[in-house]
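To start, the structure under review is shown below, and the notes come after it.
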Amino acid sequence: MRLFGKTLTAAAVLVMSTSLVMAEDVEVLHWWTSGGEAAALNVLKDDLATKSIGWVDMPVAGGGGEAAMTALRARVTAGDPPTAVQMLGFDILDWAGEGALGDLTSVAAAEGWDTVVPTALQAFSKADGKWIAAPVNVHSTNWVWINKAALDAAGGKAPETWEELVAVLDAMKANGITPLGHGGQAWQDATVFDGVVLGIGTDFYKAAFIDLDPAALGGEQMAEAFNRLIKLRSYVDDNFSGRDWNLASAMVINGEAGMQMMGDWAKGEFLKAGKVPGTDFVCIRFPGTQGAVTFNSDQFAMFNVEGEGAVAAQAAMASAIMNPTFQSAFNVVKGSVPARTDVPNDAFDDCGKKGMADLAEANGSGKLFGSMAHGHAAPAAVKNAVYDVVTAAFNGEYADGAAAAAALAEAVAAAQ
Amino acid sequence: MGFLDIRNVTKSYGPVQVLHRIDIAVEEGEFLVLVGPSGCGKSTLLNMIAGLEAITDGEIAIKGRVVNGVHPSKRNIAMVFQSYALYPNMTVGQNMTFGLEMHGVPKPERDRALADVAKLLQIETLLDRKPGQLSGGQRQRVAMGRALVRNPDVFLFDEPLSNLDAKLRVDMRTEIKKLHQKLKTTIVYVTHDQIEALTLSTRIAVMNKGHVQQLGTPKEIYDTPANLFVATFMGSPAMNIVPATVVMENGHPHAALTDADGGVHRLRFSQANLAAWEGKPILLGIRPEAITDPEGADRKSGNIQPFSNRVTVTEPAGSDTFVTMTLSGKDVIARMRADANVTPGQSFDFAINMEKAVAFDPATEARIPA
Amino acid sequence: MAAVTQDTAVSTGRITRTFIYLVLVLFALFYLLPLYVMGVNSLKPLNEITGGNMMALPSQWTLEPWRSAWSTAQIGVEPTGLKPYFLNSILMVVPAVAISTIIGALNGYVLTKWRFRGDTWVFGLMLFSCFIPFQIVLIPMAVVLGKLGLAGTVPGLILVHVVYGIGFTTLYFRNYYASFPTELVRAAMIDGAGFFRIFWRILLPVSGPIAVVSVIWQFTNIWNDFLFGVSFGGTSQPMTVALNNLVQSSTGVKEYNVHFAGAILAALPTLLVYIVAGRYFVRGLMAGSVKG
Amino acid sequence: MATEADFRTRLQDWLPKLVLAPSFAVTLLFVYGFILFTIVLSFTGSKMLPKFTWVGFENYEKLFALPAWNTAIVNIAIFATLYIVICTVIGLMLAIFLDQKIRGEGMLRPIYLYPMALSFIVTGTAWKWFLDPGIGLERIMHQWGWESFSFTWIKDGEMALYTIVIAAVWQTSGFVMAMFLAGLRGIDNETLKAAQIDGASNWQLYRRIVIPLLRPAFLSAFVILSHLAIKSYDLVIALTGGGPGRATEMPATFMYSYTFTRNQMGIGASSAVIMLMTIAAIMVPYLYAELKEKK
């Protein structure tokens, strides 16, 4: 409880400082507009309201924040940035590079964020040793969601290796269902590909996607990864193109499809449909990636704001985001896991508990990597270059894996 | 100094000069008609008087006041447009009093002026209608009424009758003439119709290519056209122009012509100074009504010359019969009495009133003065 | 309608006429299709949509999706529905349409009745603004709005829409006024009316048809704009941005019936404008813009 | 020139220009200033926000080396051609048909026109559904008993572009119809009667007399359609999002994604410059001819 005490004192200090200067509003740009997410954000909003800090909402939904980022660019260019902006991975560092972000180091130091936030996450929350963003959650992306009934029909054993996965998929195909529920959108293709690459080897993933080593990107292992991706394409129905991910989840939920390779946000769909983890559906790590986690993390990047009151409100908001109670409440709803490792797991379900444990383990063993598909492995330009090749490969535009690997190396080089 | 003075006025659009040093003085109560083919600059000149177009050089004065640069509304003029330019959204009454309203004339006074003019033009019953509900003749009256209400120094008319059908045009022409005689206003009137010009005006300025070709009374213009252009433009059918050579016979200058069958005719000029042109070619101008059958010839004329020629076409037109023949290779029209016994293809005896003949210098196209 | 229903001198046989009617009705169905899909599915409960035929009529009619889209759906952190954003859009669209139409009318008036040297050049330059892709002006526009202190405000948004609307409105009015007799303007000048008085008393009263075209055009463009709204709307975001938030929400069950209801709600004003003023549209186009 | 121009007259001389001046100034800044800004940007190494580090033609070289840009160019060429031709043909046909003293014209006209009033943010979902084989047309046909019916264009990289053409035609052909209808109604009836007396059949009447007389409407339609085609963005995003894969990438979507989501503003700007040049190549001759004619 010592830790909590520390947080509370820091909060108390902040409350005092905010009451000294006039309390101001925080303006928040985000794309969490669906019911559950918005409800979770409301926890934060109400928390701030108790400190007399108003919440000015600026929601911009669509495409994982693409529209929001356009709006943000206009706001920053106009010299009128919002207080806090929901942001992913390298975008945060890019904005820090532009000198547009504020400094949360004093709050972070007072609350000891350095010790509780996983190091791999800190890479995106800090720039030049300064805290610039408050992480809200950690999504891990290398999950597979399997319909229990379909799995039982296909042998009942959750696959642990690539070969077992192929066997299960084949069995499902033989049983007359679509083995893989998938939506043909670039980021979904890339999410699957993250798992495939990580399954070939954690070192390989790091070399190819984190270090962007040309040899790894164009090499034989990458060719193998593309071959596996092309193999997975054969388990997808013809109507996959452009399908939203939640519709793919629905296919798994109602037994039309056997499994979906998707981040932990998919769990919400299963829960909302009244399905129970373990009995109706099974959550496993992408076969071959047990013990390793690719993640993405929603963070609130704090922009430079003018005036003492505004800065104080911003600090108070950052503090509130990092509050363990909020972290727990929000992530239970969102399906992700808290961005700090010291949050009690009581409120989480089995998959959530497993996710928290995996995160802690991967963090300890150095197998926690940013997800390429979700912009946490490489900057946007590289990410999109990877998207281009992965999507093309998934749609059968390359003769074989080797050709795709060569194209990937070339595209990444061009984007850097 | 006249009532309306146009002094050395020119107009250019960039390098193109459309009016060349126009110089006209209009007296009070005069009815000046500017006539000419389209593009001759007559409307431009009118617009410059109105102030609708800027004056490039020279000056225009109304009642002794130079009005260059003065806003149209401050020149105390009124204008009747070709399309009448009635405001489609206003009633006839509103149309007519709009100008007074703009000049801040109080309502009772406007109504009085309106009533007077409406009575004069007999359009009292139309005052509440919109222009769209009026016939062409009614619109014409309203347009004039709008000008009259203002009681301006000068009336400007821009081809006001050209949108009317033939019958109405003649009626309105008479009406305008009556109005002018009654009100004694000063009018500048633009038309391309030479009959309007001759019937209405007290003076005519015939214009072509930006120049005033001739300025004079209708009679001067008709009888002694300054040049070939004026001669052929004014009068209908147009004046016959025939190439001829001046020869001397008995000490008098004669015009030598060839008829349709190659026979040579010599017609004596009344104009003695043409002796100087002996042996030279000229253009002989004779109005159709100066070539008649012998019985129809002008008794008062002292110089009727007979000659015979073969007739090509006859055109009975009710009151007259027009006869076409060939003289010196040109078609020539003669005007006979309606009962003249003329047959196409036959030879016929004509009488030419050489007192009315004019001669032009073929090189300059100017009339050779007497 | 007299001017519009002026008949052609063409006469057609019975078979031809049947064929013509058939084609016309088929195309009408084609045009109505998306609206039908939206309408029908906005009146169904969600389970009927995910299970059933998208063309089928609801077996259980419900207005709940409409109520939800209007007043209770989650747009941001607050479950406000589209209602408050509707007002934002109105506050932005009405002044923007009015200002751009008036400026366009004045410009058209100057360019046809008060011609000066180089006026066609000025007009040509202004016209090109119709054809500029809006994505490219986003960043420089943000700089300018920031400098003016108008970023994220309704007046800022109005400014943007007026700026990129006057090209079109000027075009419309210019072509319309071009066929308006210049003699009327001259008559009014002689009558003593000044620049604004002529415009106000003589031209404006007869500008109805083209004003309708201009208003329809501007209203639909501005109402439907998303890019400027999301970038410069700040916290007073227009309806389109809210609709996008409703439809594009990243996670959670997609309530298609609510989405469709919301979409129709968002489109209602423009639909209304087309239906009410549409009959003047062809007349207005006839009165000039096509000749451009 | 004027010797005694009074103040009011001089003011009247200046007023028109004063009235026009703000619009002109605004256009200079917000259109030409911004175009200039974009051109400058395209020669810089801007990534996330504008940065004025000069890189010469590097962005253009990169741009034309990108397969996606070449796809976009090919796509816009196919799309624009089909879109303009089909819209014109349908618009003209509907206008001619509607002009035959049709009963219910008052009903049909708004139906044809209304798609122009709707943004694809509104109709996008409905279209996506309709074209989706699993939910839309294909499934309906199957449910209605036509089992062999297949319509999977939107899922097919080769054919997806044509679904965009369909939706685009849906949106604007009615508007084009209105322009042609206005043109038809503006044609002098006596001309048509004269042609009929000369013995022209209906077909000849339209081909030889009416359609040539509609030249201004054709030109207006061409200009409006071509600029809509080049600017088409909402449509693509709503229907295919540029997919399957990047099969339906268009210059407008390309430019947007490089400028705003890929943090390669320099390349985005260079693609914008190419787009502007294309638009100018179409518009400038048209404007020149039109304005010269009117002088």
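In this document, chain identifiers A, B, C and D correspond to the written order of the chains, with residue numbering beginning at 1 in each.
Basically, contacts are C-beta pairs under 8 Å (C-beta built on N, C-alpha and C of every residue); 3 or more make two chains touch, one makes a residue touch a chain.
Remember, it's a predicted structure, so these values are computed and weren't measured experimentally.
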From the centre of chain A, which other chain's Cα mean sits the farthest off? B
Have a look at C-D versus A-C and report the one with more C-beta pairs in contact. C-D
Distance between the CA centroids of chain A and chain C (whole Å) is 39
Counting in whole Å, what is the centre-to-centre distance of chain C and chain D, each centre being its mean C-alpha position? 15
If you average the Cα atoms of chain B and of chain D to get two centres, how far apart are those centres in Å? 56
For chain A paired with chain B, centre-to-centre distance based on mean C-alpha positions, whole Å: 92
Within chain C, the set of residues that touch 2 or more other chains is 138-139, 141, 244, 247
Of all residues in chain B, the ones touching two or more other chains: 71, 74
Which parts of chain A, given as residue numbers and ranges, touch two or more other chains? 63, 70, 73, 76-77
Contacting residues of chain C [partner chain B, same complex]: 181, 183-184, 186-193, 197, 201-202, 205-206
Residues of chain C touching chain A in their complex? 50, 74-79, 138-139, 141-143, 145-146, 151-152, 227, 230-232, 234-235, 237, 241, 244-254
Chain D residues touching chain A in their complex are 47-50, 62, 65-68, 128, 132-134, 152, 154-157, 160, 240-241, 243-247, 256-257, 260-264
Okay, in this complex, where on chain D does chain C touch? 8, 12, 15-17, 19-20, 22-24, 26-35, 37-38, 41, 49-50, 90, 93-94, 97-102, 105-106, 108-119, 121-123, 125-127, 129-130, 135-136, 139-140, 143, 170, 174, 178-179, 181-186, 189, 192-193, 196, 202, 205, 216-217, 220, 227, 230-231, 233-234, 252, 255-256, 259-260, 265, 269, 272, 275-276, 279-280, 283, 287-288, 290-292, 294-295
Show which residues of chain C lie in contact with chain D when the two form their complex. 3-10, 12, 16-17, 20-21, 23-24, 27-28, 30-35, 37-38, 53-55, 103, 106-107, 110-111, 114, 116, 120, 122-141, 144, 163-164, 166-167, 170, 178, 194-196, 220, 224-226, 240, 243-244, 247, 256, 259-260, 263-264, 266-267, 270-271, 273-275, 278-279, 281-283, 285-286, 289-292
